[in-house]
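Labels A, B and C are assigned to the chains in the order they are written; within every chain, residues are numbered from 1.
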Amino acid sequence: MRLHPFTSLTAAGSTAVITTAAASLPLSLTVIAGAAFLAAAGGAGRRMAPAAAGILVPLVLSLFILHGLFFPEGTSVLAQWGPARVTAEGLRFALERTAQLSASVLVLLLCSFTISVPDLVAALSARGVHARFAFVLASTLTLLPAISTRLARIRQAQEARGLVITGGVFRRLAAFRWQAIPLVLSLVEEAGTRAAALEARGFGNSGARTSYREVPDPPLQRRLRPVLLLAAAAAIAVRLWQPTAGA
Amino acid sequence: MAELTTPALAAGIESFTYPGDAAPVLDGVDLSLAAGTLTAVLGGSGSGKSTLGRLLAGWLLPGAGGTLTGFLDLGGTRLRFTGGAADPRINPGSWGRSVGFVPQDAAAALSTVRATVAEELAFGLENAGVERAAMAEAVRRTASQTSLAHLLDKDPATLSGGQLRRLAIGCAVISGPAVLVMDEPFASLDRSGAEDLADLVRNLVKDGTAVVVLSQRADDLLLDADSWLLLTGGTAAMAGTPAEVSAAGVLEAAGVVCPRQTAGSGILPPVCAAPVSGPPALELRHVSFAYEGKRRRAWAPATPEAAAPVLDGLSLSVAAGEIVAVTGSNGAGKSTLLRHLNGLLRPTAGSVLVNGRNIGGQPAGRVSGEVGLLFQQPRDQLFERTVEREVRFGLDRHRRRRLSAALGRPTANDHGVAADRAARQALDAVGLEHLAGRHPAELPASQQRLLALATVLARRPAVLALDEPTVALDGHGLAVLDRVVRQAAAEGTAVVLVTHDHDYARSIAHRLVHLDSGRLQSAG
Amino acid sequence: MSSPSLTLESPTPAAARKRRLLEILGALAIAGTYIYLVLNQPADITGGPGSASALIALSGFLAGAVLLIVAVLPTLPVSTLVLIPVALVLNIVLGQFVGSTLVPFYLDAIGTVLIAVLAGPAAGAATGALSSIVWSFFNPTVLPFAAGAALIGCVAGLAARYGLFRRFYLAPVAGFLAGIIGGVVSAPIAAFVFGGTSGLATGAIVSAFRSMGDTLLAAITKQALISDPMDKAIVFTLVAVLVYALPRRTRQQFPFVGRHRVLAGAGQSKGLPAGRTTVRSTVHSTGQDS
């Protein structure tokens, strides 16, 4: 079944909120497993894995070193080297936090790796402010891959003028200037042209817009979304009324 | 149609001045465009063509964009401008539905937020709230008009230069404007691309659009225009039929490039037949090169690329003082070859020798003193705040390394004086000395290329490598290029230039070689 | 087809008050959340699961950031709007590039500060918030920092408004101050949402403070006060290098720059850091601007 972009966004957002609100280790682990399964089943796993690892590995290591070794509030000491004390409370805190964060990160990444950006843009474009937000999102995603080729081209041009990337901080600052200024100048100049082109094509109009791309929105999904949002709101409400409930 | 008294668009521009400038950039231009006519606005680089075009099309708005005195008349609605606060403010959206514009940099005119060519075409209609069925019909019609029908589902980012320009034209004409203004539409298109575009233009004119082409070349594609308008220094110097304007002999002086009218230029022999002999300043020995597959990015699909060799055991020897032109079709690897001369790319096999020394293993930045390379995009190379600083940049360090090797230890002041002199000479050579205080990015395209050339010349390289040197140059620029290249060769510099312009290659080179399937053949 | 007028009416500030209200609400949401978190933190952080604070921090800051975007985005001229994707790309690309070659900082606000200097505090704040939201497409962990990024953009715009970019040596000072504010506001997010920091180097600094017995929030705030001001001082300096390199005509596209005389000189700038002596006046220095 193809999901409407708003449905995937709502599902991912609600899941992240509910997981955070519940703060329950079993639920976090279930969500992690679920996200991993869906990624693998949907074929996004291979692309998603490096991105997820790049985010989560430093985060998890950082939290375990921080709380595993230094947790002044901890009482049951498992081991001690000088100022560093491994406490059961610290390890538990680190475990809970990493599970909770990993769950949210994976669910949101799964959403952004499976969502169709053109569909999302088309769905957003139909409404006032959203047309501008959609423009920022889609334009960034379009410009980004082109930038690395352009930066490589500028670096070649500057090497032909004598740029040698070595040396101390000042040489590097100079190297930044050589490359960043042509990059920024050309980007700003193009943006000026693009602004004129967009205005001439009516982008500044405030009236109603239509969409060329059709994004099917089945009635079932349309009804599912409010339910998901309500569930997330309820989870927040429960948590705020009973701040210490749960695990 | 001569009976129709109301022109599609008319303009009486007394003057137009950019904010903060003292002198106007347009000064006395009158123009009237009837439906179903083709008008060419000709002029050298910096003559105000682009400003005029953008002003007519509502891309440059009087008021925020500059001070306009005069009038614009679109389909009978006349707007008068006095340069005051009470002037009318153009609504670019509704103006754009009547006047389309295609900028020089067609890629920059795209929205960057639409995933396919069809959606890009529809973008303007979406913003106007057109019904989907009507949009689909308009997209189909425009696509067949601009021969984009087979590309409708492609990502605009993957189009070639000629296709991009046709897409930009499609975006401009999909709303059925009465007027279409195109800025240098034929620049950097090969012959067949330019012919396709000329057909498209003729069809638009036949369908009743008033088309304006801004150009610094009096191309033969413009010979059947209804009228030519010659701009010099922002002033309309002459208007009339192509025959009248050509006959007046004012085009060359205005910096407009007039392609040599000699028919069958293919049979011209090389101009300088006398071969130059001497010690080779540059030698390529059995150079082979293949690009590796592209790296993957996390958020972009991988692009697998077969590693076919671009250069395949290529050898070339250029003597000091010799000018060698390398020709070849698009994608033959001309630019790849050029990037081997200063070590930007390293051969997978073979070696490159400059003055008998192998440059392998040296970073390209160090080779740059001996091999000056001029790229197609001058903007990639320029980053200083003034023209003078741009040329002077790096000369101190560069000269010091050379001089101290030669003379022992001159004082720092000598270096400064020597660097000043070298910078001034280079600027004089390209005729930009009067612009020494200007910002490089504000120069017209032709002068930007000359400035980039000056930064290379100032270092007095032993080898001068030029990538498509004629592109973007106007008539004056071409004359400067010609003089500079000949003089550099006369002073003992080895010159290698790659170009798709056979006429130019024949006119300047001592020797022509043709790059095909990774090897050079004498083409002489 | 209905053909609307070729000209525009004079702008009527009908919706201006509503926009202003949204802006104020956004600022209040961010400020209120911060105050609430700081007042309530000691009881909460390491005792229970801490998720109530996390939720409040997340929703308060995010709601504030979204309100700011909703208030500002429709008011921006298209020429500024088109620059925002460019700014986000610069944040990401230059951030990575500089981060990999120069120093171990994040430097992920170059584009935001550039927009703030050219187009003012409101545009800067919206760009900062948008930057976090769009970037979270690749890295969801930056999403909670949207409010901090918006604040940096806003402060940078105010610094430009009051002339701190007119003198070159003032830019890093402004950056230093902006870094203090941004760091202090972002620290509760790191503490309550992440329970630490997302990087190893910063994590080591927090560990050092924790080993001296600081609370988590205090340790993270101190860490932020060490790295953020330096980081933002560098970013502001690099942006100053960039804006002074822009040609005059480009700068004049932005009314904010002209109205508040953001940059020194009409077209010529003095006292650039670039390390080179000023132009020798021996050669044709007649090409003066303006």
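Here is the rule we use: a residue touches a chain if its C-beta (ideal position, glycine included) is under 8 Å from a C-beta of that chain, and two chains touch if they have at least 3 such contacts.
Keep in mind that what you see is a predicted model, and the values were worked out from it rather than measured.
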Chains as vertices, touching pairs as edges: which of line, ring, star, complete or other describes this one? complete
Give the chain pair, either B-C or A-B, that is connected by more C-beta contacts. A-B
Distance between chain centroids, defined by C-alpha means - subunit A, subunit C (Å): 19
Approximately how many whole Å separate the CA-defined centres of subunit A and subunit B? 40
Centre to centre, by mean C-alpha position, how many angstrom separate subunit B and subunit C? 37
What parts of subunit A, by residue number, touch at least two of the other chains? 51, 135, 139, 141-144, 148, 165, 177, 181, 185, 189, 194, 198-199, 203-204
Multi-partner residues of subunit C (each touching 2 or more other chains): 85, 138, 245-247, 250
Where in subunit B do residues touch two or more other chains at once? 93, 95, 97, 112, 298-299, 383, 441
The answer for subunit B against subunit A in the complex is residues 54, 57-60, 92-93, 95-97, 100-101, 103, 105, 107-116, 118-119, 122-132, 135-136, 139, 157, 171, 297-300, 339, 342, 344, 363-366, 368-369, 372-373, 375, 377, 379-383, 393-394, 397-398, 441, 455-456
Residues of subunit A defined as touching subunit C within the complex: 16-17, 20-23, 51, 55, 58-59, 61-63, 65-67, 69-73, 83-84, 89, 93-94, 96-97, 100-101, 104-105, 108-109, 112, 128-129, 132-133, 135-137, 139-144, 147-148, 151, 165, 169-170, 172-177, 179-181, 183-185, 187-189, 191-192, 194-195, 198-199, 203-204, 236, 239-240, 243-244, 246-247
What residues on subunit B touch subunit C, complex-wise? 18-20, 22, 64, 74, 77, 79, 88-91, 93-95, 97-98, 112, 298-299, 383-386, 388-389, 416, 420, 423-424, 433-442
So in the complex, which bits of subunit A are touching subunit B? 47, 50-51, 54, 117-118, 121, 125, 134-135, 138-139, 141-146, 148, 153-154, 156-166, 177-178, 181-182, 185-186, 189-190, 193-194, 196-205, 207-214
The answer for subunit C against subunit A in the complex is residues 44, 46-52, 54-56, 58-59, 69-70, 73-74, 76, 78-79, 81-86, 88-90, 92-94, 97-98, 101-103, 114, 130, 134, 136-141, 143, 193-200, 202-204, 206-207, 210-211, 213-214, 238, 241-242, 245-247, 250, 253, 274-275
